[in-house]
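Below you will find the structure I want to go over with you.
Which chain is which? They are A, B, C and D, in the order written, and residues in each are numbered from 1.
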Amino acid sequence: MIRFITTGGTIDKIYFDALSRFEVGESALNEILNEALVQFDYEIVPLLRKDSLEMTDEDRRNLRDRIIADDAKGFVITHGTDTMPETAEALMGIDDKIIVLTGALTPARFRTTDAVFNVGMAVATVQSAKPGVYIAMSGHVFEAGKVRKNRDANRFEPL
Amino acid sequence: MIRFITTGGTIDKIYFDALSRFEVGESALNEILNEALVQFDYEIVPLLRKDSLEMTDEDRRNLRDRIIADDAKGFVITHGTDTMPETAEALMGIDDKIIVLTGALTPARFRTTDAVFNVGMAVATVQSAKPGVYIAMSGHVFEAGKVRKNRDANRFEPL
Amino acid sequence: MIRFITTGGTIDKIYFDALSRFEVGESALNEILNEALVQFDYEIVPLLRKDSLEMTDEDRRNLRDRIIADDAKGFVITHGTDTMPETAEALMGIDDKIIVLTGALTPARFRTTDAVFNVGMAVATVQSAKPGVYIAMSGHVFEAGKVRKNRDANRFEPL
Amino acid sequence: MIRFITTGGTIDKIYFDALSRFEVGESALNEILNEALVQFDYEIVPLLRKDSLEMTDEDRRNLRDRIIADDAKGFVITHGTDTMPETAEALMGIDDKIIVLTGALTPARFRTTDAVFNVGMAVATVQSAKPGVYIAMSGHVFEAGKVRKNRDANRFEPL
């Protein structure tokens, strides 16, 4: 049983024409999983709708507590890319759970996007990897604490 | 280093208007990996362009030999869905390699498709799983020999 | 008031995995008009689901009779591309109506398709042109009787 | 011969991850026309990259002068939606030219967008309508001076 938790980020940015602005909207995760023809039951917990530059240590503590209190063994967390490595590190050290963070460098609702591939990576990682915390981005499965976002090159890299 | 091998299947079906017909065309895998913003080097080996109902035991032997002779440790193989379980079983028992088969129930070139998610699953599995043979379909990572395609319901299920 | 009539063709071809085959399915026209944010009321009449190589003279007579009997002044007809010029000619000579045929060289449900642009062309032509019969394909608005499909080059051209 | 002139607007908004922001980028018009399999030669003149709330009367004068000085008879102008009616009115009264303004309420690079349909409408209008100035939006071909944008309802309506 995989628990999905959404926290916001570029993956869920939508254009609001009335505001002439893009903001984090309702998560695209449900559409992604439907289109992927997944055959497992799932539940999506919409925890936050934040750009990850606005994530606070309190947000990270709440997320960690939420995961600890949850019976599920596998977690996929969608998150903004800018502070994904920080959040991943804040989730380390929880026994017996496989926690995978992912997101996208281009919104899921764009025609050309990495969002769908990344969620696919996360869903497979949570089924294949040993307990621990991971980031699935840029085609790579990284262990938490061993990855950074290279903002200039717009990609995730090993530390 | 991940070696990608394409063998055909629905994932790569294209509409040829001059023929008024759909056939397996050039693989969509390169576009999928580019759009996913993957940061690893990769090589795609276009081995076959077959609907999997036309795969023969000789084809499967050639594929197995190809993998054994290859130095790479990780393989992602795109394949038609109808006989993917058979081909997966034919690849079991090769030491020290992680082999993941995937494909799609709807062509990659369709607007709504499971292809991108499935390739994402396969790319993550080849990095996270123990040596062995796997199928990544229907949102699930299956071990070879423990999966079947349910044609009526159009999904992959545990045996 | 625009009456939409669907007759089939490549524009509406869908992949039926259970059959390993593509066939004309339910029309994509409703999704196209919704996504285009059109603000007029419309009705879609699903007349046929034929590949246009299978359209008969009787089909064309029925279509003509249907249009004559209809109060509406403007008609958009989606149709297979192969015999679109023949059907257009069979509809000439009906007073006071603007009739525009269109379709697509690639199915509407594909990621890259001319279908949406073509329907947009047809919807504008039926509002802008003088009474008569037209084909909107290949970026061009043709008068019936003055156009052919060049099958080798996969495009519509003036006769 | 259709001259295309791009001035910016939502149709061309792109997400710049490095800036965590969406801005008007290079026009999507070329991709739209290619995908539509248009068979005419065309030239795209990238005049401006403005959100239309930032269009000035001087910008409108320059656009008008540009059109008057141009030999072409048909013009398709992509433009932001907010002040498209104002720009349309500023272009009235130029003899012997068919000028069609269009744009989109959702960026062309989104998966679900009105952009492609709207450009299709404009390309057909410039071939079918009498000399004058038009707006092709919301599934409707409007004459300049007889249309407004209803911002609350996010649609174009007759005045």
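The rule is short, and it goes like this: a contact is a pair of C-beta atoms (placed from the backbone, for glycine too) under 8 Å apart; a residue touches a chain by one contact, two chains touch by 3 or more.
Please read these numbers as outputs of a predicted model, since none were measured by experiment.
Undergrad: How short can a chain-to-chain path be from subunit B to subunit D, counted in steps between touching chains?
TA: The fewest steps needed to get from subunit B to subunit D is 2.
Undergrad: Need the CA-centroid distance for the pair subunit A / subunit B, whole Å please.
TA: Spacing between the chain centres: roughly 25 Å.
Undergrad: Can you give the whole-Å distance between the Cα centres of subunit A and subunit C?
TA: Distance between chain centres, rounded to whole Å: 43 Å.
Undergrad: Which whole number of Å gives the spacing of the CA centres of subunit B and subunit C?
TA: From the centre of subunit B to the centre of subunit C is 37 Å.
Undergrad: For subunit B, jot down the residues that touch at least 2 other chains.
TA: 105, 111-113, 154
Undergrad: Would you please name all pairs of chains that touch?
TA: Chain pairs that touch: A-B, A-D, B-C, C-D.
Undergrad: Could you pull out which subunit B residues touch subunit A in their complex?
TA: Subunit B residues touching subunit A: 32-33, 35-40, 105, 112-114, 116-125, 127-129, 134, 136, 138-141, 154-157.
Undergrad: Report the residues of subunit D in contact with subunit A in the complex, numbered from low to high.
TA: 10, 13, 15, 17-18, 20-22, 51, 53, 81-82, 105-107, 109-113, 151-152, 154
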